[in-house]
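Taking it in order: structure first as structure tokens, then the write-up.
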Amino acid sequence: MRRYKVAILGATGMVGQHYIKMLKDHPWFKISGLTGKESVGKKYVEAVRGEAPPPPPDIADMEVLPNDPKHVDADFVFSCLPTEPARESEPLFAQAGFPVFSDASAYRMEPDIPLIVPEINPDHLGLIEVQRKNRGWDGYIVTTPNCTTVGLVLPLHPLWKALGLNRVVVTTMQAVSGAGYPGVASLSILGNVIPYISGEEHKVETETRKILGRLENGAIRYDKTYVLATCTRVPTLDGHMESILAETGRPATAEEVVNLLEEYVSLPQELNLPTAPRRPILVRREPDRPQTRIDVDAGSIQGMAVSVGRIRVDGNNVRMISLSHNLIRGAAGGTILTAELAAYQGLLD
Amino acid sequence: MRRYKVAILGATGMVGQHYIKMLKDHPWFKISGLTGKESVGKKYVEAVRGEAPPPPPDIADMEVLPNDPKHVDADFVFSCLPTEPARESEPLFAQAGFPVFSDASAYRMEPDIPLIVPEINPDHLGLIEVQRKNRGWDGYIVTTPNCTTVGLVLPLHPLWKALGLNRVVVTTMQAVSGAGYPGVASLSILGNVIPYISGEEHKVETETRKILGRLENGAIRYDKTYVLATCTRVPTLDGHMESILAETGRPATAEEVVNLLEEYVSLPQELNLPTAPRRPILVRREPDRPQTRIDVDAGSIQGMAVSVGRIRVDGNNVRMISLSHNLIRGAAGGTILTAELAAYQGLLD
Amino acid sequence: MRRYKVAILGATGMVGQHYIKMLKDHPWFKISGLTGKESVGKKYVEAVRGEAPPPPPDIADMEVLPNDPKHVDADFVFSCLPTEPARESEPLFAQAGFPVFSDASAYRMEPDIPLIVPEINPDHLGLIEVQRKNRGWDGYIVTTPNCTTVGLVLPLHPLWKALGLNRVVVTTMQAVSGAGYPGVASLSILGNVIPYISGEEHKVETETRKILGRLENGAIRYDKTYVLATCTRVPTLDGHMESILAETGRPATAEEVVNLLEEYVSLPQELNLPTAPRRPILVRREPDRPQTRIDVDAGSIQGMAVSVGRIRVDGNNVRMISLSHNLIRGAAGGTILTAELAAYQGLLD
Amino acid sequence: MRRYKVAILGATGMVGQHYIKMLKDHPWFKISGLTGKESVGKKYVEAVRGEAPPPPPDIADMEVLPNDPKHVDADFVFSCLPTEPARESEPLFAQAGFPVFSDASAYRMEPDIPLIVPEINPDHLGLIEVQRKNRGWDGYIVTTPNCTTVGLVLPLHPLWKALGLNRVVVTTMQAVSGAGYPGVASLSILGNVIPYISGEEHKVETETRKILGRLENGAIRYDKTYVLATCTRVPTLDGHMESILAETGRPATAEEVVNLLEEYVSLPQELNLPTAPRRPILVRREPDRPQTRIDVDAGSIQGMAVSVGRIRVDGNNVRMISLSHNLIRGAAGGTILTAELAAYQGLLD
């Protein structure tokens, strides 16, 4: 595989720092540029909050660039911009010829823009062609889902394939890092649960159906599964826990569900992509796992596996707890894996 | 109403301290004795952990009695004993002629022992007669539900009555005080969620159906509602939050559900019992309420109302968030209210 | 005592809400106006964050006024403005004839502006005359100290009087509410200690010396005590804990120190001012008290007493732990008490 | 260097798990046995709480041995037993010929038992000879200090050497893992600070003086530095923060103190011992560092460096904040480093 130069748009935020950490020794991708906003012209190390582990020296000294295709020298870009800047900038980069891999929500639900979980719907990358034609772009935009959607849809996928899926009821317990920095005020969340995250439930409910949908005649036919989500914020740092009830198309046993989850591998594993965990789903058999603080970094690639436990099955009703790292599998890591898939398929050349 | 002397079994624990606080100026009940275990013979004030607000002086100086009917002078007793001591002692007190009002789980599911939420099933006190006959007791045992059950079944009751109820899916986020003291280790829960509480889900699922059941021919016919519960522990101090999906018998609108909850009053309110909150359910209309730390003490009698918010209705699917004080409405307060009902009905005389 | 009309400048913040709560049934002071900034023209209840208990109905419906003397009808004002707005507005109010009682830091260290802890230096109100003459104001400004200074200087005062004081070493563990809302990000403080609060140590070190200073010839001669402060932020909600080493002028015994603290009363107690706690200092004898969450509301007027414990004395070295409510004794309550003292002395007429 | 077999006494606790993690790839030491109490006869992996990362497979399957020299095959032992079991067992192992390296407190203050911080007082290992003669043991006991002492005495050492030291005032903010498992109840510490840890202050005050003492004629002459400690518990997981005032023998400047700390290396660094961090003290120049959660794992060997920041110097008064990992530098890691020093000196042969 040749090496690709990649720029990170919005690199000074929390997700940006995770991109840098994960790309440090990446065999295919090499960071060639970092963009920011208030910090343009500063050294990267001075532009980020000091709490994260310091960036590698070559990255630390990079100058933060403006968020503008003219200033960026790269084969493709990752975007972890906030919604509104993403809405504005990503099309400019796509128009200027860059493949854009974005975890921003701005374009996820556009009909001609793929929303990818590499294990589930790699074929949706086929939308790129449609998108380029529609929009007359040399580049393109590929999106990855909301962090909470990922922790839901990954464990649903093997059940959906093997048993069918009618309805999903999910209640989440999400970490404060999901709201970025400064995000949630300590006065609001210390010793508290806030049963509301603006816009989150709608994202989980609709993104899930797009990801599980079918690409037909250049468009995604949404999956029919009815998703009822309730999203809450709890005083944890990283890791979104989800209490899931999946109503499957046919009855199953707990053993069957455990096997389906545990044996689940997919294209990224078969291709042995650099950021693909050996197993995307780790089944925990202890009665009280997964736990947020303890299991957040699970996976042969840290933070890339979803831990699933407390599997309880009664006929068509499958209950389980999932836990995933909202900044890694749910953001930087998931998007890097998507770009690896695209690289493999020649979509970066 | 005459005044009744009441002894508290297991008075030195966390729930015991809430009984004492709530009975301080009670118009009908006066504390005449406190029992304990390791602390027998000590002054009460020396037997309890010093963190709670100090007990009133007359209570502070009471000698802790052994947990034995021979040492207790009272018209009836409250029991907040742990399960095993409750299993052993409560029948001895009932046999010795005491009405026992217990929030322990030991006898909740016995066919001839009532499990009471005063707003929902006051008529189940009719089991007392059956119980006395069966067991040859002069006294009797009346139980109140698990703290998590109360926060679920109270908001379900008006929906169940008006719309019918087929199925309930609930995920709870429970405070550490629900596990007593010392209970949950700080190392286990700081910055963490533990998605498991031993035995809790089964209690919630079965108690709900007994409470909503019908008393027929001296026995409770369980309600047919299918309850699927997942119980988690979060780093909050007091207050159990519950994310509820109620699948009603007929479709409703959000407005209809709000009205049913908001206008809900029942026998304790009609009788104006001393510990009855003016409204057992408080509907919150803000998008992000109820919250654990902020709403835990809601109610005209502090901690006796269940706060309900985030009401979202789609046909038969009613989603809502409930929050209740696990030590007050879910323990001491709920049991005191039950004893008030019994007093009103002449069952303490 | 006649009743005075008072307006609260900056009433929509956290401290403002505490003023409203404490003035609700105040025998001397009645709220006649509330000022704000972004929320001018709104009803007060819509201008504050919904988390606090709702304000009393007559306050809830008040219209938020601009921060301008022309719009305010009052006998005097409380100011809980942020530093910069306080710097700008307070002199305008004083010039317009209003007595201004402020817990803002803007003017605390001005030579002709009193910095008052009513138990310690009520005579410093004598500076008002100097101030008016200097500045040609009809009104005047009186300030109260930083929340952390109060919890230090109150327990120092009886030792300073009886034993003398050479040096003080203090390390604080301060609650997040001290930084206002949104204040400290949850990502920054969950499971963490931050050993730095901008500007705080200098305030503690200099304010203490001004408060203990002597009013001579129209100026304050600062006390000579050398104060070495280290201020940290910990994940608690309300209540600043301080670990104090006081090096006294002569050796003492623990018993002597306990007695000095426990018997300490001063002018506000003698005058029986409405917000004066019966005892400004509560000595805790348990080995592990005071504790932040448990003792924060101590005092016959809730939150107005400083709890002091862990008194350990070795010759001239007196170690102790103090705990005070940063928003009550350290802000709203301390300033109300100061205004009560001024009212008593005819300074509001 | 030859390879030594080592057994870990009390291996199933939290510190034991850190020993196993740190010894996993150790070049000199190989685990040959693990002892426990209730879990004797079980596999190690079944004897420990499941929250820690799973032990390496060869360790996981080891059978937990009784805490008895007859059952242990090793060249020396590490002891992380609780105080009372340590008091009983360690002499039996020493008598049976084992060198015992212990982080238990039982024998730390015995006159003929060394209390070692390898950077500070490696020469105190000279006491071993005295000890063996006194007690007629083939083996010996070497102890390492309380976790809080280490984070104090390490940054004091370069100041003590270069400037002299008269007095130290320290207030600590200690993590809950310092109390072991289950240790501090979540109900006690959530949103709270507890200003008391039983016995801790005395340990810090006396151990510091022994460690800085001089070995003369087969005995330690304690250093004369007067230490005044106040120890508190805060809601953090790992890492003890200490707010230190060091009163030095001669005045210094901040720059001088920074240099002394930053350039500090000692025998373990010179010998390049496997667990010696390249720099035992890391100076942080940011205004708000070190922070507990962020800096706890500092060091070229993770958790073995003490981070020091907020250095403020006024004449003889040096203020600073230190942060150290209580389970690594303050327990397992410090003791392993001590054993490496002993191995280097031939004391394990």
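We call the chains A, B, C and D, going by the order they appear; numbering starts again at 1 in every chain.
Criterion: contacts are C-beta pairs under 8 Å (C-beta built on N, C-alpha and C of every residue); 3 or more make two chains touch, one makes a residue touch a chain.
Since the structure is predicted, the reported quantities are computational estimates derived from the model, not experimental observations.
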Farthest chain relative to chain A (centres taken as mean CA coordinates): C
Which of C-D and B-C has more C-beta pairs touching across its chains: C-D
Centroid distance [mean C-alpha coordinates] between chain D and chain B, Å: 48
Geometric centre distance via CA averages, chain D-chain C, whole Å: 42
Between chain C and chain B, distance of the C-alpha-averaged centres to the nearest whole Å: 42
Chain A, residues touching no fewer than two other chains: 51, 190-191, 235-237, 289, 291, 294
Chain A residues within the chain D interface of the complex: 50-51, 190-191, 286, 289, 291, 294
Footprint of chain B on chain D - complex, ascending: 51, 176-177, 181-191, 235-237
Touch list for chain D against partner chain C, complex: 169, 171, 173, 190-196, 198, 228, 230, 232, 234-237, 241, 243, 245, 287-294, 309-310, 314, 317, 319, 321
